[in-house]
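One chain, subunit A, links the two complexes that follow: it is found with subunit B in the first and with subunit C in the second.
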Partner chain A sequence: MSGAASGPSRAPYALLAPFVILFVVFTLWPLVQSVPLSMSHTFGPGASLHVGWSKFSLALEDPRFYTALRNTLVFTAGSVFIQLPVALALAVALNQPWLRGRTLFRLAFFAPQLVGLVFTAVLARVLFQKQNGLANTLLAEIVGPLNSLAPGVFPSPGAMLETPWLEGLALTTLIVTALWMYAGFNMVFFLAALQNVSRELEEAATIDGAGRWARFRHVTIPAIRPVAAFVVLLSIIGSFQLFEMPYIMLEEGTGPRDKGLTLVTYLYKNGFEAGDLGYATAIGWLLALLLGGVAVAQRVLVRDEAKP
Partner chain B sequence: MSRGPGSSVPLRLAAYAVLAAAAAVVLVPLLYLVTSSFKPAADFFTSMFLPLGDGFLGVRWDALTLEQFRKLGQTDIDLPRAMVNSIFLSSVTSVLATLICAAAGYALTVYRFRARAAADWLVVAALIIPPPLLIAPSYQWLHTLGLLDSYAGLILPAIAPAFGVYLFRQAAKQSIPPAMVEAARVDGASELTIFFGIGLPMLRPMIGAFVIITFLAMWNNFIGPQVVLQSDAKQPLAVAIYQTQTGYYSDYGVLMAATLVAVAPVAVLFLFLQREFLSGLTSGAVKG
Partner chain C sequence: MLDRLSIHPALRSLSAGSAAVVALAIISSAIVIARGDGRPETEATMWTFAAPHFDIYKPVLDERNQTAGFRVDLINIGRQVMDRRMLGGFLGGVPTADLLEAERSTASLAFAGPLEAVGFLDITDRLEAEGLFDEIVPAAFSPWTFEGRVFGIPHDVHPVMLGYRADLVDAAGIDLSRVETWDELFAALEPLRQDLDGDGTIDRFPMSLWHTNSDMIETMLLQGGGGAFAADGSLAIDRPINADMVARMVSWMVGPGQVAADVPEFNPAGTQQKLEGRAVAYLMPDWMCNIWRRELPQLHGKVRLMPLPAWEPGGRRTSVWGGAMLGIAKAADNHDELWEFAKFLYLSDDLARELYRTGDIVTPVRSLWDDPIFDEPDPYFSGQRKGRMYIELADDVPLRAASPFFTQARMEVLNAVSRLHGYAADNGVYTADGLRPIAADYLRDAHRDVQRIIDRNAFHGGSVAAGAAGGAGP
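This part shows the complex of A and B:
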């Protein structure tokens, strides 16, 4: 140890103390408490009764839990297989050296992030109304001329105005809204990764006679793989926790016939509308286990693919 | 203008067309948000964007009005109060969270001490806890502590995010040269002086990014206030506007104006700090 006794030896603890104390009290302790709570039936926030694993078996026999799980998985698939490829395509386009207006395009694609999740949901709920909503009004305007060109192929404008975005199509609407909101966000990560791809390596590949696709496949993709893995994982984790969007946009937070019910919406409704904190926490643990499984699977997959 | 290898003119035009179309899709809802905030109530549904008429470009410009904004103070939910609540909660949370995370990330990088490995492990392990798991136990715990329906109950759990410590640890590794810290120590500077005088200034880019990240997170925090706060007067904008929307008072024009007002401060903040925000956001992922 160097210098004064009160120097380096105590300083790191002093600097870490605020974080550690708050973290232990407000994150770690609730995490510890979540174990007994998931095995309790609560009567208000103050009183509870130990009920063993029954909240977990309740979930595994609950058809609404499976509906929520299925919807969450479909939404997650939409994020990974639709939104991320769109984000990557936008990033590749923006990364072209000849492109003009890059900053403006990037700002435009990122703009939904400024609106934020809650206000996007409020706006989307208005946009996707039947009859008067902008989405249906625009669709009706578009199919009008198309119908006169090719009669019978497209629905009539009147039918378009009835598109049930927030009802039967709730899950699709959530995927579309998330696409609108997060494609530009994920694009930023891909773009940062693409800008780190070595120009020399690309030029060397070009000199060796590699075509556009071969360069993308053998130089670009391997170079951005770590970031892509990170974005995929982040996207899966975020999608599994989808709550505000459906809760604000859909009737009852779930849409008719649970069309847009998600795991966290179900957790919230059980905990804070039905008052069953134990069941909410059991659902929380099932969610945590699913995410843990995803993280492990992703690790294994990425490691395997990274091997030559 | 020189042509790059293999990017032909038609291909470039196609790329511009696709990008422009995508930008239009992204911006149309925002255009709708802005225009419908300035429309008279009677025109809300009769025109898509601006009220139609025989003015310049077929728009009735003189019909544009601030009436929706004037009505903001008269809804059954006190939106001006909610705005003040949001600004208070977001500012306090972002400043405290940034200081606390910067101090912890700095400590984990600059010092060698016995508990460091354990603290490092704690930070990374904490990243995998899904927040929804903690909603119900936190609610119970805040009830026990008597912090329900208080701002402390909302702020205290939000100012020690593990991912913040993680980000600052990464930033400190890259930007604080150990030799500089050692030199200051030799000059007799106290450890706290070194943190505030050398550490924090060197971490400035990440501080800028993290202030925005945490400000936005609290500004858009919905589930937190919904669970912790009970009195309507304490609610921030995110919950207040949701209540405006679901209440029997559902006037779309006012709802859009309220949303625009809620979004505007954040958008302005972002436009000023855009570069720092984007680089801070991606630094953890790209430089790893």
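This part shows the complex of A and C:
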């Protein structure tokens, strides 16, 4: 048999091999290994004790795990119920043909993505500092004149400079920073979807007497639903993976009183600061199960909604 | 000739662009492999985590490598990379440097397993044999001592003094020379607690101390004889002495009589606030002097140092903040040569002088304290003989027990302090007496949470191991 004759049947495998090898070595094998690891107390391969399901039961009894879960859920809610509507509103606004400088606005809203998450988080940390952070300086500038108009009604500028964005308000600050970071990113998905909405359908609805809101409600929203469902899922998964932002922005990566502790930060702290890789892996598996449940629920909901 | 080359049909079908990408990948890989890592040929490698340390050691090592038979290559890899790579090496057996200069939180990672699994070489017997336990301040060994064994040569002792804005204090006609306690300090500095812009809010406070800064809180607790761990290494967060100090510290941070302010360390916002005089006094370990000198040149000659005010009259006038050690990787070859090199680097008089000259750090080696360099007046610190002042406090530095649970304990103590701050602010309780019972409750919670972590550690706590262990032991 000639080389040319046997070649085509082997070539796809050869071309797939680099990916498959890397996937097996760096993803599949560690994933398989993580199952026994989550049932071990370990300090390297030389010092490992099998502890059964105790790491999982520890997580379910651990108040800090629930704090991390609650914070992550609040952040996720912020992403889905604040960030995505803002992204959609931006997309709708920037999809108007009469708006001048649309490209510039699109670029401006997308810009945080260009500089990257770490840089954005570093910048946000500076912006939200007490005393001389831009956010508090702005608040102080605003309440200054208000105080002279209505003395005693508003806090003093000095008090506004002490607004604890990175302390008691850590979670709010993370949501605001994520809004800054990701609203423009999600806007791009919505924008692409909006540009594919059938003009004929919109015109037909207009002829039938549908107003602007009715058209948006009954034509645009159904048309962009698949993209919206995808963006929602992406946002939920991304929110559950929140780590870099609090790690960079908050003191000790969690903020005081665990105000900004997230599930992945807690996983990291257990695995790499406490040295309890087994517990960290158990948290990882619980997170994976949670995300799997969210994905299944979301698919079921979208499928049900799509039914006539 | 080219016609005779057998080119696979799949490759023949590649577009020009794809072929270019493949060719580029092959060529660049070949270049990378051929170049190697560009490091010089040496007998050993050392990692450090701090750029200032690197700057001090590098010229000395370069000179030594010219003549010495045992050459060492120095690499600054940063603290977080050091954490990851050291832990990866110790846990997974992948290569690390032969010598690792680690700070406290990094070293504590190595102590999370059983004693025999610590990746650093146990140097207790070598220290004993060469009389170095008598030579070096005992407190300097404590963070690197685990279950009675020592795993690193101390780099420093890091006594803490109080640095204050002499320009502001002198202008207000305040004399701090007779201040002995924290309460006396705040009383003396009361005239400087000022609303500078007249908006009804205090803008200048006597001291920089905040409930979100774990280093500061730990420094204060250690000074007063408290801290997360007792001298024997057992967890002791819920000690009454901790509750008392935490209540007093939080009372300084809240209410109309607030005397402590949040001036962040190591960021531009904090630097600006220091320049503006947001706080008058600051906790100042020896190494911090160097940071001020570099980042706040505008304050040259405007800063003065004094021993920390004590918690109670007659109490300890210093504490400790930070610290590093040089450990030898157990997996390294040439332990004897590495030991000799470690002693050369950390215990020689040349290096001690250089460490002070360029890093403001006083050596923990007692026999080197007579060096005249420590008596030189420092113009940045108003001409004070700063080195001698730190040295005079060095023997009084509190011990810090090494623990694999150091990071979690520190975090939980900080949470308790922050909770208490929130409680005080929300409920208008501003006195130490009012806060003490709440502090005790919160510290008990913190103690319980860390104890739970200890209990679930099969190597150190035992309950998980005792209840469920069924696998192979180490």
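Here, the second predicted complex is superposed on the first by the 293 of 308 C-alpha atoms of A that agree within 3 Å, B and C clash if a C-alpha of one lies under 4 Å from a C-alpha of the other, contacts with A are read in each partner's own complex, and residues count from 1 in each chain.
Please note the rule applied: contacts are C-beta pairs under 8 Å (C-beta built on N, C-alpha and C of every residue); 3 or more make two chains touch, one makes a residue touch a chain.
This is a predicted model, so every value here is computed, not measured.
Partners subunit B and subunit C, brought together by superposition on subunit A, clash.
Shared-chain residue A:272: touches subunit B and subunit C both. In the superposed pair of complexes, A:15 makes contact with subunit B and with subunit C alike.
When the two structures are aligned on the shared chain, A:159 is found in touch with subunit C, with no touch to subunit B. Once the two complexes are overlaid on the shared chain, A:76 sits clear of subunit B and of subunit C alike.
By the touch criterion defined above, A:45 reaches both subunit B and subunit C.
Of the two partners subunit B and subunit C, more residues of subunit A are touched by B.
Of the two partner chains placed by the overlay, subunit B and subunit C both lie in contact with A:126. By the touch criterion defined above, A:58 lies against subunit C but remains apart from subunit B after alignment on the C-alpha atoms of chain A. Once chain A of one complex is fitted onto chain A of the other, the partner contacts of A:114 are limited to subunit B, with no touch recorded for subunit C.
After superposition on chain A, the subunit C segment that clashes with subunit B is 7-15; the remaining candidates among 7-15, 205-213, 367-375 or 439-447 show no clashing C-alpha atoms.
Shared contact residues of subunit A with subunit B and subunit C: 3, 7-8, 11, 14-15, 45-46, 125-126, 132, 272, 277. Remark: subunit A residues 2-3, 7-9, 11-16, 18-20, 22-23, 25-27, 29-31, 33-34, 37, 42, 45-46, 90, 93-94, 96-99, 105, 107-112, 114-119, 122-127, 132, 134, 137-138, 180, 184, 188-189, 192-193, 196, 206, 211-212, 226-227, 230-231, 237, 240-241, 243-244, 247-248, 263-264, 267-268, 271-272, 277-278, 280-281, 284-285, 287-288, 291-292, 295 touch subunit B in the complex. Against subunit A, the residues of subunit C that register as touching in their complex are 6, 8-10, 83-84, 87, 90-93, 105, 109, 112-114, 116-117, 195, 197, 199-203, 211-214, 262, 264, 267-269, 272-273, 278, 404-405, 407-408, 411, 414-415, 418-419, 421-422, 449, 452-453, 456-459, 464-465, 467-474. Listing the residues of subunit B that touch subunit A in their complex gives 1, 3-7, 12, 15, 18-19, 22-23, 25-30, 32-33, 45, 48, 100-101, 103-104, 106-108, 110-111, 113, 115-116, 119, 122, 126, 128-141, 143-144, 148, 156-157, 159-160, 162, 165, 185, 190-192, 195, 216, 219-220, 222-223, 226-227, 238, 241-242, 245, 252, 255-256, 259, 262-263, 266-267, 270, 274, 278, 281-282, 285-286, 288. Residues 3-4, 7-8, 11, 14-15, 40-41, 43-52, 54, 58, 62-64, 125-126, 129-133, 144, 147, 156-159, 161-162, 167-168, 251-252, 254-258, 269, 272-277, 279 of subunit A are the ones touching subunit C in the complex.
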